[in-house]
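Each of the next two complexes has subunit A plus one more chain, namely subunit B in the first and subunit C in the second.
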Partner chain A sequence: MAEEAIARGLIAVGAGLAVGLAGIGAGLGESGIGAAAVGATAEDRGFFGLGILFTVIPETIVIFGLVIAFILMFAFH
Partner chain B sequence: MLKPERMVKVSVVGPRDHFETVSDILYRLNLIHIEDPVEDEYFKLGEPFEKAGILSKSLVQLRSILSYLKLDPEKFVPKRRYREEEIKAELDRKLEEYRTEIGAKIDRIKELQEKIKALEDELKVIEPLKALGIPPRLLKGYKTIRAFVGFIRADPSPKIQSITSDFEVFLKDYGKEYVVAVFVKVEYAEEVYRVLQELGFREVSVPDIEDYDSRISEINSEISRLKEEIATLEKEIEDLKAREAELMLAIEEYLSMELEKSELPLKSLVSKYAFIIVGYIPARKFNEFKSAVESETGGKVTVEMIEDEEFEPPTKLNNPPGVRNFEILTLTYTTPKYHEIDPTAIMAIFFPIFFGAMLGDVGYGAIITVLCLFLKRIFKTEGWQRLLNIGVYAGIVSIFFGFIYGECFGPFVSVEEGKIEFFKHFLWPILHAIGVHKFEPVFDRVSPMGIKVLLFVTIVVGIFKILWGFILGFYTVLKEHGFKEAMLEKGCWILGVLGLACIIFGFAYNLGVFHYFFGVGPAEGSGIPPLPLPGVVKGWQQGLNFFYLAALPLILIWFVLFVMGEVPKMGAMGVILAVELLTWFGQIVSYARILAIGLSSVYIAFVMNFIGVGLIDPQGMCIPVLGVIVLIIGHLINLILGVLDPGLQSLRLHYVEFFTKFLEGGGVLYKPFGRIKKFLE
Partner chain C sequence: MLLKSKRSSWAYIVARVKVMKRRLIPSEEYRKLLNMDFNEIVRYLEETDYKREIDELAYKYSGPRLLDYALTLNLGRTYRKIMDVSFGIAKDIITTYLKRWDIWNIVTIIRGKMAGVSEEEIEEALVPVGEYTLDFYKSLIPKEIDEIVKTFEGTPYYSVLSKVGSEPLSIIEDELYKIYYHQILKERPSEFALKLFVDFIKMEIDIKNIKTILRLKREDVSAEEIMRRIIPGGFEITEEEASKLIAMSWDELVKALEGYWFSKGLEGITDKSISRIEIKFDKAWMEVVARRASNYPLSILPVLQYMVLKKIEVDNLRTLGWGKWQGIPNEEIEEQLVIL
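Moving on, here comes the complex of A and B:
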């Protein structure tokens, strides 16, 4: 029983790490793109839309993290 | 739809004395997209018609006035339009009037502004001297004494003392510096000056005035008089602007049109007696175009269709009115080439659906719809109108999904039984009154099962869209390079992605998803290992199902085709590129963002409601004002996020995951010679 409880807890921790670490990664990725996008927008206002779009591209990584978290929570509980 | 408008290449050939007439006709028809010509032995680029010089001169003058008046032809919405004859009749008189009336006034304003600046500069000199308190006549005009007047960083007395004791220093604090007047004998002047410079001395020239105060008040009254004059002039210009804005812009349009017409020769080839223009027109307009040009020139000018090796027509997107709004989204990514597929119609269907599936909230959807309809009345330019139309569609679809999910400013029903009852709490009495005693959402995406189902559905949508993308890509390559190329380049990926899809389905099958939907396969929690990896998972044989078995040959065929396609191009190392299959896996999973973004927005709304309602609740904190503020600000933030994030992510799902499979882009947009008149009838 205790072992199972520990396993459940570890799964929850794993799910949290999956989302959290992926979030940090995506943030690091976005920081560079965001800065460059702001620079480009300052040069040419027309770039604004495209700039925002580029900035959200690394967000996929968080989605991966989230999916892994879901799979952990649902498939291994 | 899906294909740009069909084009034909045409040539317009005729004698040079008909060139101007043809230019008028072509401009009026607004059909031919002129190709940049290449000179040869007999045919050279033409020169603009004679009138171009005077036209462009008038246009430059008019545009400078327009820019001063901040009249932008792009943004201005005219209340009335003018006929061309009206403009022609008044053109010279009006241009002269603008030159003398507005142009002269603008020049006068500039002159006055310069005067004001000079006076203000003088004031900057006088004020510190006044602070020093020595009358101007005592500050200059000595024969044996040198007077230094100006600004300095520190008191120079000690240093001057070392040169001579026969001196006088007047010092006054003035902001960050001091105002100083130093009097020394002429023979020490040079040495003292050096010392002063060390202390950052800046000399000012003492003006020829009697008295500071009278001069200051004189300057001030002069400045206010000049400012009044400027205001009067500006008022006059403003009146003229209000009265004549439409006419001025109509004249600007007329002149631009005439200038464009007279510059046609720059885009055509001429010989001594003939001219030739080559361009593209929509195929269905060819007969109309040909007969118009030929009949109006009495058959002197001929229009022929050219069947040329070099056939690179411009892209004219061809979509029905509702879909046309989405063209700006496609064009933001790229302009499709003529031979490529125009994905606007597909995007017009899926963009609002993805947006709605992410946001899925009756309240937010309604606000977005109403807001876009309202903004449509303010921003009249075409780009804004299109964008706002997209907003309206997206908002309506969000309302629809809101009913499915049962959400209105957050979850409509309790997330966990009895824990949170937000709108339910307030709405129950109303719902009871109208006879509703039970409310269940059609599909509750916040419940654990809802998350699982939606995750599966989004991934299926992902598989579907990615396969669709590859199929469109296959079609494009097939058209251009034939079956073998298409199979090796795109077809193999279709098989590869199908293999991936089978693996995903196999995994879901073992988790009981198919049991939930169709009642087949193992139920949830049956203990069958989801991933049957031999040697890693205990009892993997149990997990082997139909999908996993189907995936194996698909992946094998894909790999063989891939190696056949890639190795001749890249060498043996090309095999490594097979890793790209994982990219497609990533892109399929990427569609899970439809679930993820939606959930995050639900939970933010949920938290805001929890705090807000808790504050309002008489049995809770009971601070209704604060509660309402929390609710308003919280939902406002969530609404902004709810527009930005689903919008961008939905766009991205198209750009990155879908378009890349079949759209190369880099086409040239169809831009016919002529224009749609805005200020003229």
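Moving on, here comes the complex of A and C:
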């Protein structure tokens, strides 16, 4: 019983780490792209859409993290 | 440490400058501009970034003078804008780089005073983007030359400026630029970003030196006199190298220069006029700068590249405007333009 509780807890921690670390990584990646996007948009409004699109591309990594979290939470349950 | 990454600050200024670079007049357009008359050129520029300055000054001036002052004002504003939107180390580097305009301004004021140009006209020729503000320069303009020189007491420029009157102004100008370059080169760059900047400045010194050597060689100036004009601290042309090059005859010199990084500027050097050679060196230099800027995209180099390109554009438009106004044939104007 106690072991099961520990296992569940560890799975939850793992899921948290998967999303959290992926989020930090994506944030670091986005910082440069976001700064460049803002710089380009400040000069020319036309870059607004493209800038947003490029800025969120590293966000896909977070989706991978989220998928892993779901797998952990539901498949290993 | 990871969170303190400076990448984002470079990304911002570089992206901004890259968009500004897109708005420069493309090289194909110069062919079109060459076929226009003066008024058409002004009208063309009114549809570009220069509109604001032309509109502002149009009530006071007309003809090539309007174009001249509008271009100067625009250049100053563009540089100031880059300085204002940058931060951190980028701002420090840009501020240091732009200090060269202090020398331009001081020399312009003194030259204007000597030639008896009106105060207003001197003011329009200033590009106040360096250490000193426009108000400071405005306070200088009504003064006598001696008083102007006195104002700089305590600055590094004073010792050279105190020679005004006893030496030709062109020599004083050269000496002032030497001080400027010395100020930049005296400290060893601690960061990679600074090293890139220092290398850029060293390359600029090389180009300036080689132009000086070739020009003065053509005029048969004595070796000591040429050596006096050489700016120390070049990238490949150090003072030693320079004295070696100066001692050579013209043909030897042209041969010896082939090994240097700017050797592309030497193509067809033999029987062309010296101004064409200078333009070729400018082009060779800009090519190297462009290559280095794309090698180090997140650095100061793209910003410096833009600043030099903007200066070239302004100079081109000025040449074009005056050339057209004075009815110089298209081919001759084209030879004076730096079209990249």
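In this section, the second predicted complex is superposed on the first by the 77 of 77 C-alpha atoms of A that agree within 3 Å, B and C clash if a C-alpha of one lies under 4 Å from a C-alpha of the other, contacts with A are read in each partner's own complex, and residues count from 1 in each chain.
Keep in mind that, in the parts below, contacts are C-beta pairs under 8 Å (C-beta built on N, C-alpha and C of every residue); 3 or more make two chains touch, one makes a residue touch a chain.
On a predicted model such as this, the values are computed, not experimentally measured, just so you know.
Enquirer: Just from the overlay, do subunit B and subunit C fit on subunit A, or is there a clash?
Expert: Subunit B and subunit C fit side by side in the superposed model.
Enquirer: So after the superposition, what angle do subunit B and subunit C open up at subunit A's Cα centre, nearest 10 degrees?
Expert: 50
Enquirer: Can A:Ile63 be said to touch subunit B (first), subunit C (second), both, or neither?
Expert: The answer is first: A:Ile63 touches subunit B but not subunit C.
Enquirer: If you stack the two complexes on chain A, which partner ends up touching A:Phe47: first (subunit B), second (subunit C), both, or neither?
Expert: Once the two structures are laid over each other on A, A:Phe47 reaches subunit C alone.
Enquirer: Report for A:Ala35: first if it touches subunit B alone, second if subunit C alone, otherwise both or neither.
Expert: After superposing on A, A:Ala35 lies in contact with subunit C but is clear of subunit B.
Enquirer: In the superposition on the shared chain, how near does any CA atom of subunit B get to one of subunit C? Answer in angstrom.
Expert: 7
Enquirer: If we count contacts the way the header does, which residues on subunit C are in touch with subunit A in the complex?
Expert: Subunit C reaches subunit A through residues 2-3, 5, 7-9, 11-16, 18-20, 22, 85, 298.
Enquirer: Per the contact definition, I'd like the list of subunit A residues that touch subunit B in the complex.
Expert: 49-50, 52-53, 56-57, 59-60, 62-64, 66-67, 70, 74-75
Enquirer: Using the touch rule from the top, collect the residues of subunit A that touch subunit C in their complex.
Expert: Going through subunit A, the ones touching subunit C are 28, 31-40, 42-44, 47.
Enquirer: Across the complex, what residues on subunit B touch subunit A?
Expert: The touching residues are 332, 448, 451-452, 455, 511, 530, 586, 589-590, 592-593, 596, 644-645, 648-649, 651-652, 655-656.
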